[in-house]
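Next up: some structures, all given as structure tokens.
Next come two complexes, and both contain chain A; in the first it sits with chain B, in the second with chain C.
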Partner chain A sequence: MILIAAKKTFRSINLSKYLIVFILIGLMVFSGILSPAFLKPRNILNIFWQTSYVGIIAIGITFVMIAGGIDLSVGSMLALLGAVAIQLVNKFGDRTSSVILSILITYAMAMLLGFGIGLLTTKGRIPAFVTTLGGMAIYRSLVLNFANGGVYMTMSQKYTSMGMKFVLGLPLPMLVFIIYAVVAYILLDKTKFGRHVFAVGANETAAMYSAINVDMVRTWTYVVSGISVATSAILLSSMMSAVSSSSTGNGFELDAIAAAVIGGTSLSGGKGSVFGTFFGALILGVINNMLVMLNVAVYLQGTVKGLIIIGAVILQNLRRE
Partner chain B sequence: MRKFFVVVFLALVVFTFAQKIRVGVAIPAADHGWTGGMVWWAQYAIKQYQNDPNVEFYLVTAKEPSEQIAQVQALLAKGIDALVINPYESAPLTPICVQAFRQGVFTVIVDRGINSEEYNTYIAGDNYMYGYLAGKYIAEKLKGKGNVVVIRGIPCSIDDERVKAFKDAISLYPDLKIIAEQPGYWSREKAFEVMQTLLTKFPTIDAVWTGDDDMLHGVLLALRQAGRDKNIVLVGGACEKNMVKMIMDGHPLIGVNFTYPPNMISTAINLAVMGLRKQDLNGFYQRGIPRKIILATEVVTKENAKDYYFPESVF
Partner chain C sequence: MSDTIVLSGKNICMDFSSVRVLHNVDVQFQRSKIYGVVGENGAGKSTLMRILSGFLQPSDGEVFVENQRVYLNPIKAKSMGIILIPQELNLVDTLRVYENIFLGDEIEKNLFLKKKEMIEKTQQYLNRFGLKIEPRLYVSELSPAQKQMVEIIKAISKQVKVLIMDEPTSSLSEDEIGKLFEVVRSMKISGVTVVFISHKLREIKSITDDLIVLRDGRKVYEGKTEQLTEKQIAELMIGRKLEELYPPRSKPTEEVVLEVRNLTAKDGTFRNLSFKVFKKEVLGFYGLVGSGRTELMETIIGIRKLEAGEILLDGKTVNINSPQSARDLGIAYLPEDRKTAGIILSLQSFMNTTLMSLEKFSKILLKRKDEIKTFKNYQQKFDIKARTPFQLAKTLSGGNQQKVVISKLVLTGAKVFIFDEPTRGVDVNAKYQIYQIMHQMIEELGVTFIVVSSELPEIIGLCNRVIVMRNGRIVGVVTGEEINEKNLIYLATGLEEGDSYSG
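Up next is the complex of A and B:
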């Protein structure tokens, strides 16, 4: 009796929760068979590395989406914050202290922008789609304007050595991605704030009656998103030692939202997990890597990517029935 | 009564002759390095006329074809004498360009052609030679033998033409193999990612051709990071200023570049003004502005790099 019950719970909770991991493993085995180079440890590290930039942003967006919002501004914001970090480092000089100061200012700015967008959305009663779409346009145009359509570059050794750094044999962006996911998981699943995020997204009225400050919880999710974007912007701009005002961050918002959705986050709020988003982002990373490894024909890459994304979501929906 | 008509007629004549030349310039907004360069060069060319009170410019940039159509409609409504346009896409922009031409506006089409012959002048870069010369350089540098990686731009007809030309040049050498062809979307980050992946897949890569210099920056970074930035031939294109600087300073891996000049927009703007002023081209026995101009792909090496280095440009 107990055994059956245990089996049942195992099936209903664990298996469904970890289904996304199996999808990822399945995808990797499939790619590994078609191209043995895919499974080289070096390549696996690369996938993790390449995924981390969108992945960190996707974790932030998960908070926003669970609370019933959306953030389309992340791609442009990435370019803006990266540009700010680079300009600050250039201004303050090539010293460790100036790099730290630049990073702190970038984070402060990110939180301020996130808070602003959050307030506009909640207090201003404007749909998040609109405010963040506006943010997307404004940030991008500011970045373009100050660089006149060109590139922000830095020669700072201190700053650029950061993005390429390896710690314990692992690329720094990958480590940050993992640590960031763990911290975000604790914030979302183990704290009052996290519970409120779920409550607000699942049923706004009920949350209001439970004395939750709905507007503030929503606003703070945009701050979380801002912090994620800043983290990604610093990692990316220090690795590339440049931010292109026109192309950096283009399409990141869609990739980040896709990662969250693949990971089981609901577009209408109330549902989602950092765990899922983490693996959702990795699935996207594996797809991108696989397209190159298997030398998939240029024009067909979108089709392959689209089919896998839709397939992953269908597989996850099947389990619920 | 007759007096009145004479006065009106005179007033009209004076008015027409005193009127400024008005040139509308419609180009896509900066969405990668090269288009950013084009916006910069358009502004640069317009600035050269700032002391000329008889010319006036309206510069507009669009993020998509429908926006550009609306912008050209607005320019036509405002009243322009010449239209210099880099169409965002050929088909959707064709009707409005034709309409401008039929209204008597001196129409200069830049780089991306329209699906009609109704325009005054067409000026463009040479996509074929852009790819062909890169292929030829790599083949000669590798003495006709080795593994070549192609990282191309955003898949589109322009990019297709360049890649095809590159392959034409490579195909003359049976021992040269293109081992991978992947899109880098004219982006540093994407090219870095693709190169990183290809480096783990292939133990030996003898040459890399990227569709433009932005992507070559990403490739360089990936090579340096993997410790494989030696014994490899690297070719980009379009003469981004930092790349030209590296060639000028004698970079060990990058020795050549090929023009696909974003300042063709500056030439196009001059052509529009010259066309309206009925000026001729020096050295031509014929009058007026030629109807089709394909700019040569110029080869940039250490020796002449300083002529192609524009530090104040954004690209």
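Up next is the complex of A and C:
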């Protein structure tokens, strides 16, 4: 009965699209009441900053998921690409030009990996779950192997100053996250490629009959995911000036998928938005921060997070008639 | 006894988000009778049937089973013997035929399934329909027509008093329809009431005793079927005089637009096919299910691989290896299965229209305004009934969805249109409009049509020339006056004149 009543209310106030924003605001007000320190600008900025890394990856995964795929490899890939970037910088020396070169090579590699996974999935007719699960294991093992289980570090001033940089009073990762979201929104909503992503995920057969190269569209979504991971890897490794072969990026895939799902992206494809994922990621960030501020026992934080994720999706389902 | 009313609805009203779709409808169904329910898409047929079988609760009004007021839900209705076969198939693809037929009613003994008994019973039903399907086959391996038959068997394998069938014949061949009708008639004799929804008025005329016509949610006729002609029924449905359903025939030129030479499929579904299509012609392809018609068309547009042969467009050999190359060469294909291959239900209507021609609206960024303008243009031209261009395609009626798919193809600027079952599951009015659109395109744009259809009247009414296929071969070409039911059926079935044909 409560569900039905809630359903009616949501339908009548037609806030469907902005529901997620209200959820975020609601969570923040709730946290603010429980712990006034939460609403301090410094803390809000921190949340935004910390969310950026997973958020950027989640935006990439949104493309993959709308096209009907999934990418479980992003966490390991983050460690691998971060390690590659650090090793390249160490090799090329502490100059601006060498940092730029390292970044470009990292991006190139990310695109190549994404393209490879995409081709394997589409042309090889292997479920994305399997190819990216394989990628997840392979990337992690490579990073571990070359670092012997240890840490990749860099002393490069030029590289590490990037990750801690503030522009217009805002941390660089946060700015990149926002700009990245805007660009991704345009790509998904305003270009032919974006339209094709939706078509392929919603109805592969009809997309094929509509002269859309289904395999290529899917493959390119993995390239988009790769680019997102590279962006996040560079921001994270430069901020930390190190990549841990065993722990960097652990669990990022789940957080990224959760952010997309909270934002209304369908696990079966054809539905989703960058807008939703952006706020989905922030909701996750707020929850993480809140749990710490409220001194929730570390081992219980997962339970709270899990319940809130499930709750958010139930709300999403309610607003669908 | 036969006058007993088994199921009736009194004053049935139904509102969907405060729009009334059924207005005070009274219906009565008697034992041992076959009823037809007709009406345009959106007239309320399916809604009424879903109310009478418990899938929907009426906003107002009462439902009676054997004169007892009841509040139905699907399970209760089923236990009372009221069974609805919906338009969309409800089979589980990954289960076997017999498992589907007994789904939810498995025969078991001490927690264990009695597979052998279920398989045997399934075999009996299959035999009754003359279906050569192995009960242990997975449903995913069946053709659409076979799936439909399995769905019907599933329904009648239950204790049934009233069987409601929503468009059961739309994917069946003439032969299978004949078998289905035999079974329906024998059910009637054994005391079952059958309610039959169809757009095919010929079938309605041939099988039903009584007829209910709905228009805009109101009952506009109830009475003996035999008192009306097909034309009168159609006029009742649309509420106005019906012009000639088929447009005047086009006048093809001498110019060959598309030619196919010795085409052979890689998977062997057809061999050595050659034919020509002339500019402004409507060339029909007729054949039974499995004759290779659709496979041939899918090869021409590059979805299936060809083993050998040539395709010539305007006299030049072309290489078509993907739907993209077919589109770029100006060949457009309307798939036979609208919902899985034609339209993308979860996309907005205008996005469906522009899907194949997005480069017309963008250099880098899409000009949404232009897209919407284009959609509105087609909306007016083709009379697409959508409230806004943003309406999701799934909320459009079948006929309007089909018109959206056609607008998508027309927008590509194609010269040759291959329409595979263009009016399947579409009501009379939309059918008429689709024929008009085709006619208009031939006259105004000089385009050419290939029409694949299993509906004989459609083939006969539209085509200048008909190619008949059987078992992957062309078995005859019929032209002009020769295009009639008898000739086409003889060719398609391989029977000679004088042989008996049941169907």
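Some notes on this structure:
As a working rule, the second predicted complex is superposed on the first by the 307 of 321 C-alpha atoms of A that agree within 3 Å, B and C clash if a C-alpha of one lies under 4 Å from a C-alpha of the other, contacts with A are read in each partner's own complex, and residues count from 1 in each chain.
To be clear about the criterion, a residue touches a chain if its C-beta (ideal position, glycine included) is under 8 Å from a C-beta of that chain, and two chains touch if they have at least 3 such contacts.
Predicted model only: the values in this text are computed from it and were never measured.
After superposition on chain A, the partners chain B and chain C are accommodated together without colliding. By the document's definition of touching, of the two partners only chain C reaches A:Met208; chain B does not. Contacts of A:Lys271 after superposition: chain C is touched, whereas chain B is not reached. Look at A:Leu119: by the touch rule set out above, it reaches neither chain B nor chain C.
Comparing chain B with chain C, more residues of chain A are touched by B. Legend: residue contacts after superposition of the two complexes on their common chain; A:Phe198 is shown touching chain C, with no touch to chain B. In the superposed model, chain B and chain C sit 130 degrees apart as seen from the Cα centre of chain A, a figure rounded to the nearest 10. Touch criterion not met for A:Leu315: it reaches neither chain B nor chain C. By the document's definition of touching, of the two partners only chain C reaches A:Lys190; chain B does not.
Once chain A of one complex is fitted onto chain A of the other, the partner contacts of A:Asn250 are limited to chain B, with no touch recorded for chain C.
By the touch criterion defined above, A:Ala37 lies against chain B but remains apart from chain C after alignment on the C-alpha atoms of chain A.
Distance between chain B and chain C in the overlay is 32 Å (nearest C-alpha pair, rounded to whole angstrom). In the superposition on chain A, none of the residues of chain A is touched both by chain B in one structure and by chain C in the other. Chain A contributes residues 186, 190-192, 195-196, 198-199, 202-203, 205-213, 270-271 to its touches with chain C in the complex.
By the touch rule above, chain C contacts chain A in their complex via residues 303, 322-324, 326-327, 333, 335, 340-347, 351, 355-356, 358-359, 362, 364-366, 368, 408, 412.
Only residues 35, 37-38, 40, 42-43, 46, 49-50, 53, 144, 147-151, 153, 164, 236, 239-242, 244-248, 250, 288-289, 291-293, 295, 298-299, 301 of chain A touch chain B when the two sit together in their complex.
Those residues of chain B that touch chain A in the complex are listed here as 29-33, 35-37, 39-40, 152, 155, 180-183, 185-189, 192-194, 196-198, 200-202, 214, 217-218, 221, 225, 242, 313-315.
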